[in-house]
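Note sheet for the following structure.
Think of it as A, B and C in the order they're written, each chain with its own count starting at 1.
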Amino acid sequence: MAIITLTTDFGLKDHFVGSLKGSIYRELPDAKIVDISHNIGPFNIQECAYILKNSYKNFPEGTVHIIGVDSEPTPETKHIAVLMDGHYFICANNGLIGLLESETAPSKVVEIAIRNPDLGAFPSMDVFVQAACHIARGGTLEVVGKPFTELHEVRDLAPSVTDNGNKIIGSVIYIDNYGNVVTNIHKNFFEAYRKGRNFEIQARTKVLTKIHQKYSDIVNFNLEKSQRRAPGELMAIYNSAEHIEIAIYKSNPRAGGSASSLLGLDYLDAITINFK
Amino acid sequence: MAIITLTTDFGLKDHFVGSLKGSIYRELPDAKIVDISHNIGPFNIQECAYILKNSYKNFPEGTVHIIGVDSEPTPETKHIAVLMDGHYFICANNGLIGLLESETAPSKVVEIAIRNPDLGAFPSMDVFVQAACHIARGGTLEVVGKPFTELHEVRDLAPSVTDNGNKIIGSVIYIDNYGNVVTNIHKNFFEAYRKGRNFEIQARTKVLTKIHQKYSDIVNFNLEKSQRRAPGELMAIYNSAEHIEIAIYKSNPRAGGSASSLLGLDYLDAITINFK
Amino acid sequence: MAIITLTTDFGLKDHFVGSLKGSIYRELPDAKIVDISHNIGPFNIQECAYILKNSYKNFPEGTVHIIGVDSEPTPETKHIAVLMDGHYFICANNGLIGLLESETAPSKVVEIAIRNPDLGAFPSMDVFVQAACHIARGGTLEVVGKPFTELHEVRDLAPSVTDNGNKIIGSVIYIDNYGNVVTNIHKNFFEAYRKGRNFEIQARTKVLTKIHQKYSDIVNFNLEKSQRRAPGELMAIYNSAEHIEIAIYKSNPRAGGSASSLLGLDYLDAITINFK
């Protein structure tokens, strides 16, 4: 029995998540349901893609991912089921799949042909649940719908390279639970343009010249405790998604501030890297 | 093995939810526990009823619902177990059951006779867990306690009809995760008084004359994209619970505002409908 | 198959929790994973200890508790696995275990010898998952690592006794979901110094002379409803963790205030008890 994961913007107070889980269990009593996140920003498929891209691969192949973000079907955003990278994704054709792809393209896409039994305002419920349970039971995409080739493209926020390859201009794409600032500059992209040169990362008024591998790298454990850098130090790091992240060592957004609050950096703000 | 759901006002930070789940697994290692919501407003049984009413039916019949909202037992709010609509509810006799009933009345109610082993401040724990596990294992209500007939009534917020049937005065009973404003006016109630007439929904300074079936109904997909109504449009809709809801198409409460914030409508505020 | 619980400061929006669960299921398809809390204050091991101490015992013996708070391994905070009180704890050696102990000391501690396969910034993932799954499958600590004796000590906030045993000075260690104020004064500690005497609990400008066993104890159910104390009454209580707690009867922090907001009491503030 495949795992079914849920990634939605439903929040954790309303009845939507409970209803969705109840419907799955009613259809498939032995279902194994795992929450990825229900706190995606409303209708924010970019944020949804960032979170899903960095978690789906940890699940076993064959996992079915239901995505309840901007999922109301319209003539232009039909419900689709996608096989990509060994995983199944059930969502509306709103551009999300394109944002998830990186190396791999979808190996199969169908338009879900299950009719929504009523006109209600919560379509994920019935159609997504039926499609997901069919696949989780080992069914094929062919039964869920007919082949579909018109995947919507949404422009992803890509970093740009200017000044004859001497400057990368990236953007903030995510602020995490610690208030750390995730950029859209991936390690591979950075290294491809860096070519071994020195660099300066400009984050508002601060300049960083090193990218660490782990947060505690900025601490010199050979020094006495009193001599060491304290929590609160600003740093750049490759995060677990291999994006360049501007972080505060052991930051606490609820006390004393975070990289986001201290630098005044928010979603979509620019981060510049100059090569020397 | 029946599912056990949890609906509480415990929040998701404290140890209460973890403790509750641990106790259930200790009693019933194969339990299947599903969270409905732990973010009910403290002691708000109206809110609890709205969320539970709109989710419990999605679960299979025989599901056991533990409700940890205003659940401390007192001489006047005893612990009860209720069979209604094929589902089991374990809660305090605080009026919740009356708020949940609609078409169906409880088919069986017992006062839970399991003694709380200590005087601690967290009674749901032991008594509710033991009652729920007994039922989930297939046990009967008769073993849990003795028949009980004194269910408390709490006055539900019902819409009123005035002006010789020409006006409905309803109230806001819930603000959802998108900031949409849910009224206590159910589709059936509305249609019974409407009798085919035109109408105006008055939500603060705004007037709406149509109730949509789905959010994207306000978009005319025959128009070019640039000509269409944009996200941000105010609308009335029958939501998934068939209540009249004042919504913003693709609203984001954290950016740009929601129906609740833009109209200044909050819990218990009035919404008026005039028939023409 | 043992239960694996998760207690982290990852929050519920980011991909971290989903990734962690996916990794566990990939390693151990039949795993039973239970969330204790993901909303621990960032790097706050005192808060983590309070929540874990009050929930872990409710789980069956043999449960494996993964703790993702301040868990990055450094030369001084190695990854450890601990058997204590019949439960397994997997965490960094950051002082947490000392804060969890009370009557019982760890019966076995090992330094986890599983190598972190990459340099990524999310170490809980691979090392903790592998250690937890090994133990959950019934494996021994000896296979996970070698014996370890250098557990870090972190000074716990202990109440102090002054004025020849006539005064206890305690601190606020937790504000719960209802805004109630939990002190570090345990019932046993209080009674040991009280020796049957009367007392005054000084919480800012308020004085309380009784500690209740349950919240509704302050209501006299022999009086008519109109004569009774209403929700909103300030009280002291032994909470479910047997700590002295300053509470508001049926408080709602989001409407009308809580003990914390009304008294202006926050984390680490002092609470004094004078014996008479």
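We take it that contacts are C-beta pairs under 8 Å (C-beta built on N, C-alpha and C of every residue); 3 or more make two chains touch, one makes a residue touch a chain.
Note that the coordinates shown come from a computational prediction; the quantities given were computed from them, not determined experimentally.
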* Considering only which chains touch which, how would you classify the arrangement: line, ring, star, complete or other? -> complete
* **Superposition of chain A upon chain C: rotation angle, C-alpha, nearest 5 degrees** => 120
* **Distance between chain centroids, defined by C-alpha means - chain B, chain C (Å)** => 31
* To do: Please list all residues of chain A that touch 2 or more other chains.
  => 12
* Structure fact -> The answer for chain C against chain A in the complex is residues 9-23, 25-26, 29, 41-44, 70, 72-76, 119-123, 125
* chain C-touching residues of chain A, taken from the complex the two chains share -> 3, 5, 7, 12, 32, 34-40, 50-52, 54-60, 63, 176-178, 213-216, 219, 221, 231, 237-242, 245, 250-255
